[in-house]
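In the two assemblies presented below, subunit A is common to both, partnered first by subunit B and then by subunit C.
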Partner chain A sequence: MRKRTLARGLAGIWWGTLFFLYVPLFVIVLFSFNSANSTAVFENFSLAWYRRLFDNEQIINAFGNSLVLAVSSSIIALVIGCLIGYGMYRHRHRKLGWLIALIYLPIVLPDIVFGISEMAFFVQIHAWTGLLEPGLGTMIIAHVTFQIPFVALIVYSRFVGLDPTLFEAAKDLYASPIKRVVHFMVPTIKPALISAFFLSFTLSIDDFVISFFTAGPESATLPIYIWSAIKKGVTPEINAIATLMIGAVAMAAIFSMLFNRQGRR
Partner chain B sequence: MVRTSPMASRRRAVVSETRHLLFTVTPGAFWIFIFLVLPSAYLMGVAFMTNGPYGLPQMPLSLDSFERLAGVGFLGWSPGNLYTLLRSLWQTLVSTVLVVIIAYPVAYYITTCREKWRPILLLLVVVPSWTNQVIRAFGWMNLLAPGTPLSSLAESLGLVAPNMGLYPSNFAVTLGLVYNFLPFMVLPLYAAFEKLDTAQVQAAQDLYASPVRAFWHAVFPQTLPGLLAGTVLVAIPAFGMYVIPELLGGGKGMMLGNLVANQFSGSSNWPLGAAGAILMLIATFIGLFAMRRIGKRLGGGEEVVI
Partner chain C sequence: MSETMTAEIADHPDARPAANERDRANHKASSIEMQGLQKRFGRDTVALDGVDLNIQAGEFFTLLGPSGCGKTTLLRILAGLEEPDAGSLVVGGKDITETPPHQRSVNTVFQSYALFPHLSVRENLAFGLKMRGMPAAERHSKVDEIADFIKLGDLVDRHVDQLSGGQRQRIALARALICEPDVLLLDEPLSALDAGLRSQLQVELLRVQKRLGMTFVFVTHDQQEAMVMSDRIAVLNGGTIQQVGAPSEVYEHPINAFVAHFMGHDNLFAISAAEDDWVDTELGRLRLDPDEQRDSQDGWLLIRPETLELDGEIPEGYNRLEGTVAERLYRGSRIEYRLTVNGRSLMAVASNLGQRMHNIGDRVTISVCPEDLVRVAA
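Right, the complex of A and B next:
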């Protein structure tokens, strides 16, 4: 008897929590189809806000910026992070405490301190040398900085999971280091490379604070555009962009669910 | 003919290994050093400079910015900044406790479900946090604004003044923080529950322990590593939060992150902002250190991975 009430209570908390987690997103989606310019009262179904969205050049630009930033920073971070990950593995018997500390620094530093110190630094360097003008370039630099640790740790843990004798075998098989990299290293750590790339990509797309502080006047990404639109005043148009972004996340969730299932089979 | 002694060949191996280490590690180490260590060091330096005419740092070195941070201004001492600091600590504490209270039953519930469903249930908890945090805060703005059902309900219950709505307010900030960080607590707690040794719980029940005592003595110690990991993932970023207080809190809901950020935009005072950033860093490292100590002491030798 007591067990049953406990189980019911647990299920109740679970469904309540799910409701709590999804209600704000649901409201955004719902009001993006509102014909009235209101986020409190729903009048009629309409696609008007979406139509306005696709006429808005700023939004299209912001979307483009987000993509360029995410792809280019992920590629750079992948190359640099892989090298560190391999170096950490190969030389794991040495005392590399300083390197570990350096790699954890971007992870433990609060976003706001990260963003502001880069902004202050870039502004000062720009004042002195004219380099590093705030814009997509500085944003890419900042994003690569917070992506490197994640790539390095993923690649490192993949190497740790491998049988060490494989490396000896590869050394015997392929004489040149370049061949070893192309025919042995890259294929064996391919799953790690793929997941590191996607993690970097998501981290970049999801980031707001660091982008916000390192952005220039013409390099607004989607979250920055939404932020400034909210600051100007809440409109259902924001609901429409937000709905599209929620849709993208939902697709990713469904994919990962299917992927999970396949992996189990 | 040159003969290589074993000594020389070993030395050559060491040299080549070192070259390999440098080749692989240098680009990344350099990158992080130039684009993060140097900027942070620069920011620390700025905190000890004087505020110039346009809010930019100037010589000579001074402790002015720390005095300003403590509330000393042109018009004598004012408690504004102190309130902001206390509010940040309070919001962090309250939201972390609430997250723990919700996450425990949720994580446990998932482990009671069939194994087939567990990954999907976990995914359902995590997916909302994949959407951008600006959008999530905006969702709550929609829900809590004056005139919405929730606000009307709170008004009719007399919880808020008429036509004020639930946002902007400190309550909205707490809500936003709990919403934002819940998944970060559920995941490590779930991992702890999944490894739970049920024999201990069984033993406690066989000895007629009340459910509360059984939980406290048999379940809680086993989930402690997960709880500590979750606390680190929740409390430290919550303390430095910028987006949620800025959107949901308004002027009276400001936290330390907003105080710092404001000094680099609108009301410019770089040295003051940098001093605030140092304060935030100190708090972060004290928090991390404390969690490690607690983890080591209570984890019974089991290193809590942070």
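Right, the complex of A and C next:
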């Protein structure tokens, strides 16, 4: 009897968690299809807010910025993070291996501290050299910087999970250094690379704080637009943007998971 | 000659006398010359301390020793996966000391098999050929050929993680053989397998080597395996070669106490004095073959358990000892006795021919031929 009560209590925690996780999302998605200009009363199903969304040049711009930022930063972070991940793997037995931990700073540092320091840094550089004017360029640099540790970690753990003799087998079977990269390393960690790309992509799309501090006047991303629009109150239009973002991030996350699973099979 | 060949092949029901087999047997085999090879790890660990070794073309050669003796380091130097600090390595008349591994015509069967997880079995087999730039069609027929030769059957179309340990081992062997290297290196390839499969694959491996006539360098810590497989064995310890010889030579005439112990000998007794063909040991005074005379007064006397006869007729000139049976181990085909002689323990082995077994506590007369006693350096 008591056992049952306990089991019910634990199940309750599970359902409660799901409730607070998904109901707000559901509400946002629901009201994005509301014909009335209200976030409290649902009248009729309507795509009106989506239509207005796509007529809004500011939103289209913000969407474009978000996409350009996410894709380009993810690609750059993938290349650099992959090299660092391999380097960490190769030198994991060195005495100075702890130095590698330095690149994990962005993971533990609060975004706001990271964002402010990046901003101050870019402003200084700009003042001295005229380079790095705040805009998409500085945002890409900032995003790449915080994406790299995630990519490096995923690549590193994939390499660590491999039998180290595989590297020797590739050498032994006549693969030159370049052929080892093309025919052994990249194909072997391919699922990890794809997974790391989608993770970087979602991190970038998601980010508001760091983007906010490093953006220029012309480079507002969707989260920045939402933040400025929300000052006038939450409109069904915002709900529509949020719904689209939920969809995009969910898809990236699902892809990332699928490829990671494929890699482990 | 051809008659004996036929007889040999007929012995193996699964052997197939195909035309391409004769071509394979003609494949060039290469000799290996190692001179003064040295290798240190860090400051204090000496892995190889000046190794000179010649391996003949077409030989099944085994590097035998305990872990840390340098056998694996030596194999890795042959593969090019480790660079020696000093010394030279010549394979097939070419100095390859400085040649990187991917440019050496040497292939390795790794202990962990090291099959690529991202490739199918077929792609694994073709990997070396592909890296050498062989066209796809030619690779395909080569894979079929080797699959036929090693009898892989439908394994070729499976995925690597669907294979058992024994199957992986054979794929790893095929993946190395398909490249037709000058030398094939095998790093304890059978150590992960259970006993039955292991002895089956020992025979298979040996058969493959004899048919190809390729030079095989085999690393193991198992002296039984080394004796079964090898044309010659090098016993290593502490980074130096202790003894090189045919299995019978190393087993029956170990050069020192280390080799004797490592080859599985228990019956070693300290020699306290030696004169002409007599030695004084812990067991008593024993007569040796005159050829066994050594200059030194000390060392060890080796008595192989299988040369001892219990309670038999004692021919003229044989050594005679008295002892009691302390332990009896029934092994089916043979019976092992631990005897106590002069307070010392002495092992004896008798083939199980249905004779009366000795019981624990029995007094027995032990006889041994002087020619079976071997003096071993300290």
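Odds and ends about this structure:
To be clear about the criterion, the second predicted complex is superposed on the first by the 241 of 265 C-alpha atoms of A that agree within 3 Å, B and C clash if a C-alpha of one lies under 4 Å from a C-alpha of the other, contacts with A are read in each partner's own complex, and residues count from 1 in each chain.
One rule holds for everything that comes next: a contact is a pair of C-beta atoms (placed from the backbone, for glycine too) under 8 Å apart; a residue touches a chain by one contact, two chains touch by 3 or more.
As the structure is a prediction and not an experimental result, all values here were calculated from the model.
Once chain A of one complex is fitted onto chain A of the other, the partner contacts of A:Asp172 are limited to subunit C, with no touch recorded for subunit B. When the two complexes are overlaid on their common chain A, residue A:Asp206 makes contact with subunit B while staying clear of subunit C. In the superposed model, A:Phe184 lies in contact with subunit C only, and not with subunit B. In the superposition on chain A, contact of A:Leu18 is made with subunit B only, not with subunit C. In the superposition on chain A, A:Asp163 makes contact with subunit C only, not with subunit B.
The interface of subunit A with subunit B does not overlap its interface with subunit C at any residue.
Every residue of subunit A that touches subunit B in the complex is listed here, in rising order: 2, 6-7, 9-11, 13-14, 17-18, 20-25, 27-28, 31, 39-41, 80-81, 83-84, 86-88, 90-91, 94, 99, 102-103, 105-106, 108-114, 116-122, 124, 141-142, 144-145, 148-149, 152, 202, 205-206, 208-209, 213, 222-223, 226-227, 230, 234, 238-239, 242, 245-246, 249-250, 252-253, 256-257, 260. Touching subunit A in their complex are the following residues of subunit B: 17, 20-21, 23-25, 27-29, 31-33, 35-40, 42-43, 46, 102, 105-106, 108-110, 112, 119-120, 123-125, 127-128, 130-136, 138-143, 145, 147-148, 179, 182, 211, 236-237, 239-240, 242-243, 247, 257, 260-261, 264, 270, 273-274, 277, 280-281, 284, 288. The touching residues of subunit A, when paired with subunit C in their complex, are 162-163, 165-166, 168-176, 179, 183-184, 187-188, 190, 265. Per the touch definition, subunit C reaches subunit A in the complex via residues 79-81, 100-103, 106-108, 110-112, 114-119, 127-128, 130-132, 161, 175-176, 179.
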